[in-house]
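A, B, C and D are the chain letters, set down in written order, and residue numbers restart from 1 in every chain.
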Amino acid sequence: MSDRPGPEATARLTRWEQRTEVPLFLAGLLFLTGYAVRVLAPHDAQPWHDISLTLVWSTWLLFLVDYVTRLRLSGLGYRFPRVHWLDTVVLLLPLLRPLRMVQVYQAVQRRRDRPRLNLYARVMTYAGMTVGLLGFAAALAVYNLEHRAPDASIRTFGDAVWWACATLTTVGYGDATPVTFWGRVVAAGLMACGLALLGAVTGSFSSWLIQVFAREDEKRSPERS
Amino acid sequence: MSDRPGPEATARLTRWEQRTEVPLFLAGLLFLTGYAVRVLAPHDAQPWHDISLTLVWSTWLLFLVDYVTRLRLSGLGYRFPRVHWLDTVVLLLPLLRPLRMVQVYQAVQRRRDRPRLNLYARVMTYAGMTVGLLGFAAALAVYNLEHRAPDASIRTFGDAVWWACATLTTVGYGDATPVTFWGRVVAAGLMACGLALLGAVTGSFSSWLIQVFAREDEKRSPERS
Amino acid sequence: MSDRPGPEATARLTRWEQRTEVPLFLAGLLFLTGYAVRVLAPHDAQPWHDISLTLVWSTWLLFLVDYVTRLRLSGLGYRFPRVHWLDTVVLLLPLLRPLRMVQVYQAVQRRRDRPRLNLYARVMTYAGMTVGLLGFAAALAVYNLEHRAPDASIRTFGDAVWWACATLTTVGYGDATPVTFWGRVVAAGLMACGLALLGAVTGSFSSWLIQVFAREDEKRSPERS
Amino acid sequence: MSDRPGPEATARLTRWEQRTEVPLFLAGLLFLTGYAVRVLAPHDAQPWHDISLTLVWSTWLLFLVDYVTRLRLSGLGYRFPRVHWLDTVVLLLPLLRPLRMVQVYQAVQRRRDRPRLNLYARVMTYAGMTVGLLGFAAALAVYNLEHRAPDASIRTFGDAVWWACATLTTVGYGDATPVTFWGRVVAAGLMACGLALLGAVTGSFSSWLIQVFAREDEKRSPERS
């Protein structure tokens, strides 16, 4: 109970989060773009290098400002990093930012009373978008870590994207695999995402089927009795 | 609300779709046959080459006529491609036509009041047929794109079918994998189908189990009370 | 409706099936043993060769006698192979016999009123046994088809069992894979079994969780209201 | 019915199990640490070798004392190994000890009336911890069995952990696979755990979705009627 702030602090925090949601999402896309430019541009291409550095650091500064503001608004003090541990992880590893999408989704869900998409379509859409962005971020990180390693099988960015697809769907051909320590750490994280994606797809489909069946049963039972 | 046409337009469209369903399904099979002949026949075999070209283009013309007729009947005008986006994709990439099977299935379901197969068997049958046809189309496309690439591991059509099986079931041995850009794009699409197939199989089984259990509970509860 | 025989024919058939269940299951195990001896014994080992031939053919004769008796008892005539298609397939490919276990399971379920295992445990047990026996049969068949092929990666029976494990769990390392046509056909069948196994495991677990949760909800709701 | 002891024996056994739960869990961690030191320390490092031997044998002695005490308290006599078969397996193969976590979890669940985590989060947490510890134990065992084999692809402990990740998530790249008999036996066990993990993740997600949907339905139905 001591982890929960008062109702005014919660209201202020919620207002702040609702206002910063869309700008932060755009900043996240900019950060990913900056990181992509930094990784993919040739290293002697001076203008691109400067642009990417500016993008990455200025968006990260935005994330930091948001984090500190939320920490002060929440009235939690030093307990904030523990209570909002996902935000803390995402601040330190901004490539994991797509994981916050689940929170954005919940906020959107709360605001609208009548969603246009039904529940299963929404789960699929959000799972798909989160996984797509995480897969792209992982492909960038793995390409950056691997492409100059001796004996690397991931040599181009295309290889990295191909590897990310095969990993996320748990197919795992093994024709392109990370060989460095940090590349394998990133890969292990992506495998866990693949498992969760499978769970989301399977679970949505299963729930949808059960609902369809329940409706058919309802439709028929009046005729029988 | 503005995307929905009036009830007469919907009725006319439904009538057209019901009448063209079976001919279009057969035309889809002919298209696949024509594409298979074009890919698998040796290139100096003149008669086969002409037959396949005729089949592919004439069936595609049929698809185009159907699409334009539906566009006019619907009364949606330029919004038709966005509302019926799956039909638009399937017109441009006719190899994805098996995906329309889900719609055919829904139409069939609506017409018959007492289906002979129960729900789970139907889901399995349709998922199986869709996936089988898509896998065959993907094997043809990948064989076409890969078999002349240097360093290709998919050299015969048998290899391509074997690769499609291992991909759709997410086994992914990796002894035969696409190496060209477009081959890998097709493969990524097939992996997504494999995930969906897993979801369909798992979801059907899970729903079936829950239903069986619910019936056992019902059967026993009178004895207990 | 014309596929269904009269009630007396059904009763006679059921009585026959109940009586022959256990003997046929044991005959199936003997057939598998005979096939295993034939595949694994060295070819110049005359006594083993004769024993295995006798086992395989005599058990198959038993299967044939059972099939013909059921055909006559059923009163279906030439429609029997179509109605009981699984029995027909299993007669022609006796290595698929473990698939009949599902029917044995249903018969057992009908007879006992209070099963000792609950539903999920039974599903897991039957899925596990069916898949184990099918995997063993597939390993034997693939070893037989592959071990003398040039460029084979499955050279010992241990390799074949290892390959069957990796395939059934959809892991698919790819260090041992079939390279011949018929070996790959068997493998494709085993992959489908792996998908079904995943579905059974996932589905059982999911159903069990839903039931546990429903009970917790029931337990708490009286306290709330 | 004859397998069940009287109510006093059950009460004594439960009291013993509740008291020894935490010490045994810590002893299990010490055993794993000891085994890790034995496997990973260089063989001429005398002090480490002695420490690990002491740890492994003393913790195993603790497990044996616990097993014998439970056997005597239960009043089951020679039927104890069969009734508590999981405990017997875990005594003989202490690396499988994480599997007992499920029992610890059930005991914890019984004691607390209001759990802080909800059901799905708990299932995910326990599945994750069990699988993580089993994966670590399997990586140690496989490294121990494989790293001196000729033609081994698992040569460092890092390779073994990477292999365990790829196996548990059923990705299965195949760039590092066991080649010895006992290594493959351990691997087959780990694959089965991977299947169960998939089942747990998918099942939890599916159940959670069904519950969310049921609540949305409840929330809306008053508005409709």
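Criterion: a contact is a pair of C-beta atoms (placed from the backbone, for glycine too) under 8 Å apart; a residue touches a chain by one contact, two chains touch by 3 or more.
In UniProt terms, the chains line up like this: A, B, C, D = Potassium channel family protein.
Computed from a predicted structure; not experimentally measured.
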Given subunit B and subunit C, the chains that contact each of them: A, D
Superposing rotation of subunit A relative to subunit D, computed on C-alpha atoms, to nearest 5°: 90
Chain of greatest Cα-centre distance to subunit C: A
CA centroid of subunit C to CA centroid of subunit D, Å: 30
Approximate Å spacing (C-alpha centroids) for the pair subunit A, subunit C: 42
Contacts with 2+ other chains: residues of subunit D: 170-174, 198, 202-204, 206-207, 210
Pairwise touch network: line, ring, star, complete, or other: complete
Partner subunit D, residues of subunit B touching it in the complex: 170-174, 202-203, 206
Touch list for subunit D against partner subunit A, complex: 158, 162, 165-166, 169-175, 197-198, 201-210, 212-213, 216
Subunit A-facing residues of subunit B, complex: 119-120, 123, 167, 170-174, 177, 181, 184, 187-188, 191-192, 194-196, 198-200, 202-204, 206-207, 210-211
